[in-house]
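In the two assemblies presented below, chain A is common to both, partnered first by chain B and then by chain C.
The block that comes next holds the complex of A and B.
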């Protein structure tokens, strides 16, 4: 069975989806969640899994108002051969007016068919090879390139917003377009982190491309350009960001087990598929308090965490601190010195002593 | 370490399946004339307010809804409507020598007001709208100051009094917090929470509601406006939008009112609140004087202003931390838990004649093992801060810790604690007004900006001369 067939078998009745940079970035936010990893490698989004496999009715989609705004902003920046984007780079001094070689990959072969997608991939590879060969004809801006990222032994196509490089630079840096308001130090750090991690997925894909061709992968530097918008207006702003930590986290997520298709297949019984709800929920997940920010399965995972009274429900600190007790119920028994309850291990005894002391302090201080 | 106290409070709430009180004193000052504001923004549009409910404690809301906030004239009409009320409120507060206070549902709503203030105060073509942005800036600029009482979030205030049995991030949904406070009968708490989560309590409507209900209505309104429809049709289309948004803002407004009722607990006010009120009133008076003088409120501070504000924030944080444990049982317990407040008994002492002075030294035995102390730290006797001591040594004893201190001041006024006496030592009360002197020194130092904030080249590295008395050198910088 070839790889495509194996992934299709894993997916079961679910259609293949391209999860893009956002899908890969999601895994880096919770790299210990095997369920999320398995779904991502098989090409099923958590939203689709929640809706179509687990039949949940609490899956949040993006508001049409926000969607329209995003598209409008992207169009505004990239229309007319990305004239606005180019002007911004020239204005900031990051490109010379003469460095105006702009290629839009999406215009080469627009459409979702297999042939069109392959054409965009091969065209992107050709342009990257030009830059690598220091060809003066290599574009300065590549709009919506199509790169391929190997994740879990399966190729995942991603389409970063754009790549940019001066003529004298050895390789491209990734650019990300977001319609968030650029508020300097007040910009929502969660939004910034997500955008930088998406750029980091692009960097990882560029590095894989370079390694595959025998070139030095590190010429794809861990830096990105972030295009945001002026608060309340449609004017783009440009920030250059170092994304070393984000690239590290993506590369770590890519390198962590399961690293091959075989390992993912081992999580699923030979007779089962990820489309089977019983099989899907049997794959271990790792519920985090921030799962709700990025994963549509969070409500289901929270229910599972509640069923076992997992300390993760109280946050990361509680999860770590109460690890010797293993569950919230057990921690409460220890805290209240319930009759017949004695610590099972030395670590549990330490936790019990401190919890009981803190509980006494709390009761005395809050109730007088 | 204080995290463990928070954790046991959450464990206890989880155990009881309802929120528990984890404070001995009220932690926020609720102004009787407070203004509750519940804005509802259009998704994706950072500064577009679609509907807003506003009103006082136990008063019905005044509600303003517009057809489409992306239309500038309509947006400005809503802002002007809001501005009238804020202007009136600020005027009344100023006349009384008091400070205004806004209540919103959660930090998302506070963040929305912040971005709105940032946007509106740079409006070029409409001075009344600009003025609204400036006035809102008072509350939003106060937000980062520890202990500020100008812009309050209902979720934040509730969490100072109550602990829920969930992650603190989940407490940011006001409906969920209120469910923990009063779980509905006949329903499991978790099911009630799931239901509560479906209600909008922040600033954005539900995406599914946007898709199925709001967008078609707004599109119809826009189309009618564009096609020059009759005033009757336009009014009808507007009413359709208003009829779906009004219940949402009303629900959020009612939830904030409920939160305020929960905060009105029959417990004493934390003593530090008196000082926080004074600070807030002074900050407001100074802000309004700045408005009268036409002082600019820049989007980004220059190096000097940034340095001043940073020091002000640090000062507020440190002062609050120092004063909080005085007269507040729970705050004192937290300080003891973290080792910033030391309780113990005097187990020994000496009085030695040194020159013309008699130097009194004490050994205090404490059961606390996690003391945050080092030699030369200055502490005071918390029951009478006139007695000041200097830490000379900290030693681990067979049970707990032995603290060796020298009495620096106040032994005549307060008396030297006798052997066997119970004592509690901590940081001295904050000097909230010290900042005025500090600002003077900073102004002198910042007349020449450091090279990090100027265009010139970095200065050549000079080998550092290590001061002979490092402590004195540090003190000289204060």
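The block that comes next holds the complex of A and C.
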């Protein structure tokens, strides 16, 4: 059975989806969650899994207002040969006026059909190869390139917003467009981190392209350009960012097990598929308090965490602190020194001592 | 202009008479064995056949909807959409995306051509042109990429343009943007005296495009056409010659292919599926 057929078998009745940079970035936010990894590698979004496999009706969709704003801003910056984007780069001094070689990959084959997608991948590879060969015709701006990222032994197409390079630079850097208002130091750091992680997925894909061609992968530097919006206007702003940590976290998530399709297949019984709710919920997940920000399965995972009284429900710090106890109920029993309860390990004994001290202090403070 | 039933009938009668005359010549040539010397007869008959089919459809439409109604594939103004698109393209003079053509057609003539209609329009054009390239003086054709000589369906051109004008090189998107802005600057100035309402619409689009040119528009100051023109000219001087040279070289290569390939481009070759350069000449 070829790889496409194996992934299709794993997916079951679910149609294949392209999860893009957001999908890969989501895995890097919670690299220990095997359920999320399995779904991503099989090409099923958590939202689709929550709705169609687990039949949950509490899935939160992205705000249509934010979606429209995003699309409008992207169009504004990238339309007419990305004139506004190029102008911004020239004004900031990052490109010379003569460095105006601009290619929009979608011009070659717009549309979602298999042949059109393959054509865009092929054109992107051709243009990247030009830059690698230091061809003077290599574009300075490539709008919506289509790169392929190998994740879990399966190719995942991603379409970063754009790639940019001066003529004298060895390779491209990734650019990300976000319709968040640029408030300087007051811009929401969570928004910035998410944008940088998405750019990092693009860097990882460029590095894989370079490695596959025998070139030095490090010429795709861990840097990105972030385009935000002037508050109240549709004017773009540009920030150059170092994304070393983000690229590391993406590459770690890609390198962590499961690294091959076989490992994912091993999580699923031979008779089952990910479209079977019983199979899906049996794959271990790792609930975090921040899962709500990016994963539509968070309500289901939280219910599972509640059922086993997982310390993860109390947040990251408590989760780590109470890890030796294993559950909140056990931690409470240890804290109250319940009859018949004694620490099973040395680590649990330390947790018990600290919890008991804190409990005494709390009782004294509240009861006088 | 929408033609009346009488006008269409007269034109149809003329076309049928010409067809009859050509068929007689065909018959004679067949009889005296000189058909080989009259190779153009087939093409002429094909063209007249296409014209007859189009006029018959138009006549049927007018019979059902009356003379005043818009014809098939027409808008409020009465002109066929494809003509409207070709006029707009001629006005800009460079390959343009459907969204811009649609916006400009509305601003300059009030023609409401939805950008979503362009893909079917382009398919119809290609089908008709492959049947009989001589049936119409110009077709709406895709721009072609200089490196691969393949179609870039999101950028439209007129087949009546010289080949090099239908090609997209490394700098052509930028040159196209500058040329479009320049064309609209001229059009807005021209309309200012004759139709101030349309002039304002065209100027609004021109200003939006001009904001994508460094130094053309100063923020919080009224737009200065002279400043915009200077910025456009100065950037064009930097890149236009190089762009033209690249397109001329590709045009010379494209001339080596068949007429249909010159118009619609070579088939796209995807990596690993065929050898590069294997397209049939």
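One rule holds in what follows: the second predicted complex is superposed on the first by the 367 of 368 C-alpha atoms of A that agree within 3 Å, B and C clash if a C-alpha of one lies under 4 Å from a C-alpha of the other, contacts with A are read in each partner's own complex, and residues count from 1 in each chain.
Keep in mind that, in the parts below, contacts are C-beta pairs under 8 Å (C-beta built on N, C-alpha and C of every residue); 3 or more make two chains touch, one makes a residue touch a chain.
The shown structure was predicted, so the numbers you read here are calculated from the model rather than taken from an experiment.
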Open item on the list: Quick check on the superposition: with chain A as the shared anchor, is it clash or fit for chain B versus chain C?
Closed with: fit
Task: First (chain B), second (chain C), both or neither touched by A:104 - done: second
Open item on the list: Between chain B and chain C, whom does A:81 touch in the aligned arrangement: first, second, both, or neither?
Closed with: second
Task: Partner chain in contact with A:176 - chain B first, chain C second, else both or neither - done: neither
TODO: Look at A:232 in the shared chain and tell me whether it touches chain B only, chain C only, both, or neither; answer first, second, both or neither.
DONE: first
Open item on the list: Touch test for A:164: chain B only (first), chain C only (second), both, or neither?
Closed with: neither
Open item on the list: Is A:119 touching anything from chain B or chain C once the two structures are fitted on A? First, second, both or neither.
Closed with: second
TODO: Kindly classify A:147 by the partners it touches after superposition: chain B alone (first), chain C alone (second), both, or neither?
DONE: neither
- [ ] Please work out whether A:362 is in contact with chain B alone, chain C alone, both, or neither, and reply first, second, both or neither.
- [x] first
Task: Of chain C and chain B, partner touching more chain A residues - done: B
Task: After fitting on chain A: smallest Cα gap, chain B-chain C, Å - done: 10
Task: chain B and chain C footprints on chain A, overlapping residues - done: none
- [ ] Could you pull out which chain B residues touch chain A in their complex?
- [x] 3-5, 7-12, 14-15, 20-24, 42-47, 111, 114-115, 118-119, 165-170, 190, 194, 198, 204-208, 210-211, 214-215, 299-300, 329-330, 332-333, 336-337
Task: Residues of chain C that touch chain A when the two form their complex - done: 97, 99-100, 143, 145, 147-148, 150, 152-155, 168, 170-171, 173-174, 176-177, 180, 209, 211-214, 235, 238-239, 246, 268-271
Open item on the list: Touching residues of chain A toward chain C in the complex: what are they?
Closed with: 79-84, 86-87, 90-91, 97-98, 100-104, 106-110, 115, 118-119, 121-122, 125-126, 137, 139
- [ ] Give every residue of chain A touching chain B within the complex, in rising order.
- [x] 58, 60-70, 179-181, 183-184, 186, 188, 231-232, 289-290, 299, 306, 313-315, 317-318, 321-322, 328, 331-332, 335-336, 354-355, 358-359, 361-362, 364-368
